[in-house]
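I've put the structures underneath this note.
One chain, chain A, appears in both complexes that follow, with chain B as partner in the first and chain C in the second.
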Partner chain A sequence: MEETIFKGLMIASLTLVLTALAGMILIMLIKGAPALTLSMIMETPRGGYYLGKEGGIANAIVGSLYLSFGASIIAFLLSLPMAFALQKDYSGRQFARFTRLVLDVLWGVPSIVYGAFGFVVMVYFGIRASLLGGIIVLTLLMLPIMVRSMDEVIRMIPAELKEVSIALGATKLETTFAVIFRQGLPGIVTAVLLAFGRGIGDAASILFTAGYTDYIPRSLYDPVASLPLAVFFQIGTPIPEVQGRAYASALILLFIVLIVCVASRLLARRFSRKIIR
Partner chain B sequence: MQWRYAKDWCASVSIRSSLILVNLIAFIIVFVLFMKAEPILRIQSLGHLLFSSSWHPLKGQFGFLSFIVGTLEVTAIAMVLSIPVSLLSAIYLSEYAHKYFKGLVRLMLDILAGIPSVIYGLCGVIAIVPFVHSLGGFFGNPTTGYSLLAGGIILAIMVTPVIISVSMEVLAAIPDEARTSSLALGTTRWETVRYVVLKGSLRGIIAAIVLGFSRAFGETIAVLMVVGNVAKIPTSLFDPAYPLPALIANNYGEMMSIPLYDSALLFAALVLLVLVGAFGLVANITLSRLTKKGYYFS
Partner chain C sequence: MPHISLRNLTITYGDLEVLKGVTADIPDRQVTTIIGPSGCGKTTLLKSLNRLLDLNEDARLYGEILMDGINTYGQNTDILALRKTVGFLSQRPYPLPMSIYDNVAFGPRIHKLSRYEILNQIASVEKHGLLAQCSVENLFQMDMKKKNVEMDILVECYLRLSGLWDEVKDRLHGSAAQLSVGQQQRLALARTLAVGPEVILADEPTSALDPLSSQLIERQIKILKNLYTIVVVTHILRQARRIADHVIFLYMGELVEDGPADQFFDSPKDDRTRAYIKGTIS
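Entry: the complex of A and B
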């Protein structure tokens, strides 16, 4: 009796959660699809765009890609050695454990705090809101996500594989690249894409550090537009056409995030074919 | 031949020092925010900042009480809505569901957790705000819909996937032997879940909830879009509120023009960082002990 009641409640709650997901995607499709035109994707805003006239949000799409690709590349280059360093071969257990904890806490720090921190640092060094500032802050945001996700996968690699490589006379560095990197590749790809997805959708951290502009940035010191902020600013206006564009921008953003999510699964599956278990 | 060893030595040194860099970054973030918040702490006492509700930046009065209360209330509503739903779902998925179904739902939860917060906010503006508006009318509480409740509902949807996936990990860490021996003693499935599985994983589940709580606590954009942003202590569910992260996000533009304003806002950021950091620390230590691996926000 009790079991039946609880099982009913469980199924009801699970349905509720899945309905929320389906509902959100459905809302975005219904609201966003009508405003989604080719000129939305291909053009930058023209005069009077924010009053409902011609133009598109190519500036935000390109800007978001610049920001997240830039930050992903830097974060990847930094996090790869960090993920290796967390393993037994390179550092003591206590220190590695402590650093893991620090990274986990950093993972949870709200992105607005990163934004505020980045802003203070940029003011100190005299950098204005720019592509450079946005990339730096997003790198900070992505770093703990990448390092910890890579670390979780690299830890699972069987010790025997490393031992075999060392026994054959390879140095630690050679073992790291020939064995650990190869074996961990699916996880490394997933980690990078997870962080990329998180970075491209984050608005609070780049609100003050990347700025907003109607143009596609030409240099690192130009301000840059981004999709989350395009959604945020356009929904704030009272004009229905512009709000429609906010929905369309959100749909584009959602689409990118979903593609990244699916791609990470497919790539991980593809790369794990060559793994020795 | 020696060249290989030289390369290995250099790589070892740089790989090791990269870990110091991580810890240094964490330290610098805390240090910079503290240095920037220090001027306001020198002028006003910590107690006054945290427990006064007079917010008049132009007169130099910075009382954060209404913002702190706003944050706590929005988060509390989210947790009340989210905890039962997430725990029941997690128990179903880990104890009753078929393997394939479990994998499918996991994919959906990953997608849900990966949706940018601005899209949650947008859906809130489209769906939740009108819903709260009519709900307020129904209960005789005229409201615009931009309210505590709307913020709480959106946050609840956002933290649910986090709590579900962490709880599932915790439940999976209970060894199968415990389940089978309980079943062998003649208990029903539900009795096993209730007296063996849940009892064993209570601490982990609490940690999962704390993790969800601290996630909700710092959420900015989605809440900002639906919560109304009025700097007053809300008295009912249908009143607007003004959480701390929204305060920082909304006032950054003008913070340089008013004396001490920047220091006050960075103090708010420091409060967020310290609280979220403390919650995260406790939850992560508990979880890493229970599941034998480090844990993290998903």
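Entry: the complex of A and C
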């Protein structure tokens, strides 16, 4: 009897969530698909694009890719050593606990706060909204997510595995690189994906810091468009064609995330065949 | 070959005294078994021998462990060199997250052994005639220009030495995680041997294994004692009878009795030893 109730509960909650998700994707498809043309992907906006005339949002697609990949790479390079540093081989218990708490709080901070913070700093240094500014703020946004997820993955690795490597005469550092990193790789990839997903989908943090433009940026100091902001700007208009394009933009965003997820999962699976379960 | 002596060895975890003033000698090229009931400090004693105990922050050690007359807990000890000399086999095998080949090659790679050192190491093992049909005999016929050929030879030799070669020779580059637990333990043995140790510590090496795999490990231990000083912790009395040349009996952190295996099992001196052998205390 209990068994049945809980099984029912599980199925019910799963159905609820999946229905909501499917509904979201369905609406995006219905409203966005007609607007999703080749020129939408290949062209930058032309005159009167936001009134329903010709052009596309290649500027936002490229911009989003620049922003999120740039920030992901920097965040990854910073997060990995940080996550290792939090382990008890390198940090005291108190320090690690405190740092974890700080990161958990930062994880929960709304992205608009990151944006505002970035904006204040940029104003102080006299930098205008640019690709560079966007990447820096996105990196800050991604860091707590990446570090904490990697940290949890690395903490789960059995101490005996480390002991094996140490007993063979390896140093802590050699153990970290040759054993812990390999064993944690699938989890590390998940951590990066998690952060990437949040980064590419975030609008508020880059609203002030990356700006928006109809052109594809040529340098780090040019302002840059992004898909979430493209959705935001287009959906607010009363013109039906433009609203359709907003949904199409969202579809493109979804598609990018999907491709990146699948690709990195495949890559991680290739590397994780030999890990110990 | 180091001669290992424990001198008044006391180890504490916080307020808990795990070992109380143990003094004993571990003879060379023999199998020494450390026996005693659970929680009597067997594993702690074993881990202190290659300073794996250092990983436990709460552990404090007093007294001396002499190796060739030098205190391994002295100030100038090269811990990495010590761990290279004194190999460790854990209770449950943990293959490293890499291929079978890379597991064996891990140690030599970490220590950046040169081709000369590797070949030397293999030659010294081969001298004892333990490696039937190993590639060493065909050394001069092998293409020495081939990249990493010495590592290939090393991997083969140590897998043969641990009695695993025939089972894995066709899947050296497959995952080590897919081996059975018994095979993993023999892989762990090969991995430990590949570093070129003189002493092998084994912490209940068969406790996670099925009877057949246990038998294989015991067989290898008996073969290897011609080459290495072996210290095995076990709580299985019958296993100690089967493999031991020398016995150290610990009870509640104290050394009760130690000596050659025959003497220990046939004419024990202490009442507690007699009771333990009979099975009245455990």
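By definition in this document, the second predicted complex is superposed on the first by the 243 of 277 C-alpha atoms of A that agree within 3 Å, B and C clash if a C-alpha of one lies under 4 Å from a C-alpha of the other, contacts with A are read in each partner's own complex, and residues count from 1 in each chain.
Just so it is clear, a contact is a pair of C-beta atoms (placed from the backbone, for glycine too) under 8 Å apart; a residue touches a chain by one contact, two chains touch by 3 or more.
In this text, all values refer to a predicted model and were calculated from it rather than measured experimentally.
Bringing the complexes onto one copy of chain A puts chain B beside chain C with no clash.
In the superposed model, A:L168 makes contact with chain C only, not with chain B. Ranked by how many residues of chain A each touches, chain B and chain C are led by B. In the superposition on chain A, A:A178 makes contact with chain C only, while chain B stays out of contact range. Within the superposed three-chain model, A:M82 lies in touch with chain B and out of touch with chain C [touch as defined at top]. In the superposed pair of complexes, A:I275 makes contact with chain C only, with no contact to chain B.
Using the contact criterion defined above for the overlaid structures, shared-chain residue A:A33 touches neither chain B nor chain C, since it reaches no partner. With both structures placed on the common chain, the touch criterion links A:P158 to chain C but leaves chain B unconnected.
Put simply, the nearest alpha carbons of chain B and chain C end up 9 Å apart when the two models share chain A.
Once both structures are placed on chain A, chain A residues 171, 174 are touched by chain B and, in the other complex, by chain C. Contacts from chain A toward chain B in the complex involve residues 2-3, 6-7, 9-14, 16-18, 20-21, 23-24, 27-28, 31, 78, 81-82, 84-86, 90-91, 95-117, 119-121, 140, 143-144, 147-148, 151-152, 155, 171-174, 176, 194, 197-198, 200-204, 207-208, 228, 231-232, 235, 246-247, 250, 253-254, 257-258, 260-261, 265.
Of all residues in chain A, those touching chain C in their complex are 158-171, 174, 178-179, 182-183, 273-277.
Partner chain A is touched in their complex by these residues of chain B: 4-5, 7-8, 11-12, 14-16, 18-19, 21-23, 25-26, 29, 32-33, 36, 84-86, 88-89, 91-93, 96, 105, 107-112, 114-123, 125-127, 157, 160-161, 164, 188-190, 211, 214-215, 217-221, 225, 245, 248-249, 252, 265-266, 269, 272-273, 276-277, 279-281, 284-285, 288, 293-297. For chain C in complex with chain A, the touching residues are 50, 52, 55, 80-81, 83-84, 87-88, 90, 92, 94-99, 106-107, 110-111, 175-177, 188, 191-192, 195.
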